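Here the chain labels run A, B and C in written order, and each chain numbers its own residues starting at 1.
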Amino acid sequence: MQLFNTLKKQASFIAAVPALIWQILFLYVPLLFLLSASFFKRWPVFNVYDLTFTNIAAVITTAHFKIIGWSLIQAMTIATACLLVGYPVAYFFAVKMRRWKNFFLFFLMLPFWTNFLVQAYAWFFVLERNGLLNRFLLSLGIIREPLQILYSPFAVILVMFYCYLPFMILPLYGVLEKFDLRLIEASLDLGATSSKTFFKITLPLTMSGIRNGFLLVMVPAFGEYAIPAIMGGGRYLYVGSLISNYFLESRDPAVGSSFTTVSGCVILFIVLIISRVMASPKQIQKQER
Amino acid sequence: MIGIRLEGITKYYNGELIINNLNLTIEEGKFFALLGPSGCGKTTILRMIAGFENVDAGKIYLGDEDITHVPAYGRPIKTVFQNYALFPHMNVFDNVAYGLRIKKMSADMIEQKVLRILKAVDLEAQVNKYIQQLSGGQQQRVALARAIINEPDVLLLDEPLAALDLNLRERMLLELIDLQEKFKTTFIYVTHDQAEALTVADRMAIMNYDGEIEQVGTPKEIYEFPASSFVAQFVGSTNSIKGYISIPQNEQAVLNVAALGEIVITLPKEKRWARDGNHAVLSLRPEKIEISKKPLEGFANHFTGVVESIVYQGRWTQYKVRLKNDMRLQVFEQNEEHFPQEEIDYYDEVHLYWQKENAVLLEK
Amino acid sequence: MVKSLVSRVWLPVLASFTYLFLYLPIIVLIFLSFNASDFPFKWDGFTLKWYASLLHEPELFIALKNSLLVALTSVALSLVMGLLFVYCGWQYRLYRFMPAFLAAVALPEIVLAVGLLSFFSFFSVPLGLTTLIVGHTLLGLSFVIPIIRTQFLELDYSLTEASLDLGASEAQTFFKIILPLLSPALVAGGLLVFILSLDDFLISFFCSGPTSQTLSLYIFGMIRLGVSPTINALSTMLLAISSLLVIAFCSLNISNRGL
């Protein structure tokens, strides 16, 4: 009986572990590879004595950091824009439209369920010279000649904003839906104005949703490849495009690994900072059994 | 019918010793109550009997069988949980039938038994409803049915009535007593509510904050003859009067209370501490004191005081009377008449009387 | 509640504009997929010819088949490993390692993709559907595990005890009680991973071999060649299929809520 019990316990442990092993094997080991490949001359990694810093040196240049910086700024801009639009919309549905909220949310998310390439592609017809936007502006007389919007940084940002907006709305909606509205009533009852209530009560208590949404948008946007490739005409270099270039086109995986490592560190650092800045107010959590 | 015996039970929680060498025998076929303040460990003991908590030392016997290491699903002991723990994804029938289905009983048998027990707890009409559609009282009865239908040797009830309002609770208590008498199963009922315990129990045990059993006995024994101040104060209310014992030759034993005088007492038999000169505490229940504005005859103890507070509580009125040594005694007076013969009001001077047999002398 | 100008006017306006913004390109797309003309903005009449032409694209069907295969396998793997991790791992406090799964979301996908590429090429693992499944499952675990864990924490533990108390073994308790009660999380997680996998571009881009074309890569390839009405038809079809799936899922949810 005892033996059977211990066997059962072992089986339980063995069953639970694969997920962790998978993560370690396919995420952390490859990351280690990237990190170490940055320091080796040849590819794939052979000899310990091939250690070199030339790869790293090749990427610590102003040009590279300009690209990283630009991608970072773009990612944060998009995340902020998504937040500024997404929060009121999520608030509107979660708080104001209590009865129909699921219905409206469903329709809001519908475009989200399509392939994002299709979503991006759809914008061609709006943004091109003969497209909907230009025709609209021309017909209103706001412009005299069609604008070249496509294949510009603006197009890239706009389409990324479009594709990532649902990623911001979903976590915000999740947090706002669970938000206890009586807290707002209590605050108003105690004499705070609506806006004070928002900044002192609602905002801090929904901060986890804000942070998650912000990171869910910012991180992928930083490393985005496909949308700049389609919408930017491949003319502007972002982190994603450069990494792809190193690995697939110019076939310089060693330098590519270095650049990926450096970019990865930068974004991780930013994520840590943002997690600190957008921390939820301290609350006592339920005890784990 | 089988009883439970706990021998030398010891339990640690997070390194802290919460139950130390506890011994308890629960007779078969009786309704047993385990009473104690919240956090004293009574639920832990119940869970150990059920098999949800490990015993660090000691043994649990079900009849003659040592079940200490038998897992929960192997024990013929069933539990009614405090929050009912009804399965939300099953309806009433499936919830109640659960244990029988595990035993692989035939579908016909199961249907028969389930409908019979639902009738016994008056839930026939709800058989296909989901538990979210039931009221608190109905859910409670489903939990009861689900446990009892398996004909366990022992039924454990963990504060099952805590979530119900007062009237429903009183009704359910009586129903539980009926059920226990009908099935003759050993019931072990855990609660912090002394009124519940006194109502249902054939025998009961009181636990203190340190996880020790202070007293075991019938409700009457425990109420009228508490073994310690803790029991006296936890079960019902009492006035605890401190003083020292004085046994003058050939005369009544008295308790000498500072600045008040002498209270005539009955000395407990065979208690080594009940000696002349020792300190002791007198437990005097409020309902045992007679309060009157006019002097009365025939009581061993008589003191006067001033009424400080009056609380009308329906069945009785609670008075707080300040004696000449500034000690306050609580007095319950049953409201026997619509128009009482004498009206006692704030700041009235009153006489308090009681017989020496109606108070209990305790060591501490 | 005080109804200020903000909540009366601006919020609904913003919400409406957001709707408009989200649907505009798509409506245009759907519209044009029925356009008989080759040129986008010359309406030449209603036609289904672009849809018909899709049927003659064998590569599309191969890509679709591959994507589905990869998606379903990734869903199955993520759910099983994730569930076991949360449920069996609870008693060993393995949830302390949950932050380890955050890395897949804290780093841009391109870093993961490139890392996997290095990993596979070092061990000379041929790139194909299997390597894709590996990558998608990796992503899937990061999403599935928090979802399952949240639902697991909300599980009333006394339900497990009640089941054991009533005589069910641990295995029986798992299948009769735990699994049904966790199913909303499993379904939500599964759906999420399914869509993630179908939609995934970066990992497919770097880790698929020459023979393993996926839907995203196919679409990307077509777009790279330029705007074409065939893509419009394909896009509309995909939109319709996803919508139907989501509607089916939501109605399932609603009927469950009726309990």
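To be clear about the criterion, a contact is a pair of C-beta atoms (placed from the backbone, for glycine too) under 8 Å apart; a residue touches a chain by one contact, two chains touch by 3 or more.
Bear in mind that the values here come from a model prediction, so they are computed numbers and not experimental data.
Trainee: Spelling it out: a chain qualifies if it touches chain A and also touches chain C; which chains qualify?
Mentor: none
Trainee: Quick one: which chain's Cα centre is the longest way from chain A's?
Mentor: Farthest chain from chain A, going by C-alpha centroids: B.
Trainee: Just curious, how far off is chain C from chain A if you go by their C-alpha centres, in Å?
Mentor: Inter-chain centre distance comes to 16 Å.
Trainee: Where the CA atoms of chain A average out and where those of chain B average out, how many Å apart are those spots?
Mentor: Result: the chain centres lie 59 Å from each other.
Trainee: With chain centres taken as the means of their Cα atoms, state the distance from chain B to chain C in Å.
Mentor: The mean C-alpha positions of chain B and chain C differ by 57 Å.
Trainee: Scan chain B for residues touching two or more other chains and write them down.
Mentor: Residue numbers touching two or more other chains: none in chain B.
Trainee: Touching at least two other chains at once: which residues of chain C meet that condition?
Mentor: If we look for residues of chain C contacting two or more partner chains, we find 170.
Trainee: Can you list the chain C residues touching chain B in their complex?
Mentor: Listed in rising order, the residues of chain C that touch chain B are 156, 158-159, 161-170, 172, 176-177, 180-181, 259.
Trainee: Chain C touches which residues of chain B in the complex?
Mentor: 50-52, 71-73, 77-79, 81-83, 85-89, 98-99, 102-103, 130, 132, 146-147, 150
Trainee: Touching chain A in the complex: which residues of chain C?
Mentor: 1-2, 4, 6-7, 10-12, 14-15, 18-19, 21-26, 28-29, 32, 40-41, 81-82, 84-85, 87-89, 91-92, 94-95, 97, 100-101, 103-112, 114-119, 121-122, 134-135, 137-138, 141, 145, 157, 170, 195, 198-199, 201-202, 205-206, 215-216, 219-220, 223-224, 227, 231, 234-235, 238-239, 242-243, 245-246, 250
Trainee: Of all residues in chain A, which touch chain C in the complex?
Mentor: 8, 12-13, 15-20, 22-24, 26-31, 33-34, 37, 44-45, 85, 88-89, 91-93, 96, 102, 104, 106-111, 113-126, 128, 130-132, 135, 162, 165, 181, 184-185, 188, 194, 215-216, 219-220, 222-226, 229-230, 239-240, 243-244, 247-248, 253, 256-257, 260, 263-264, 267-268, 271, 288-289
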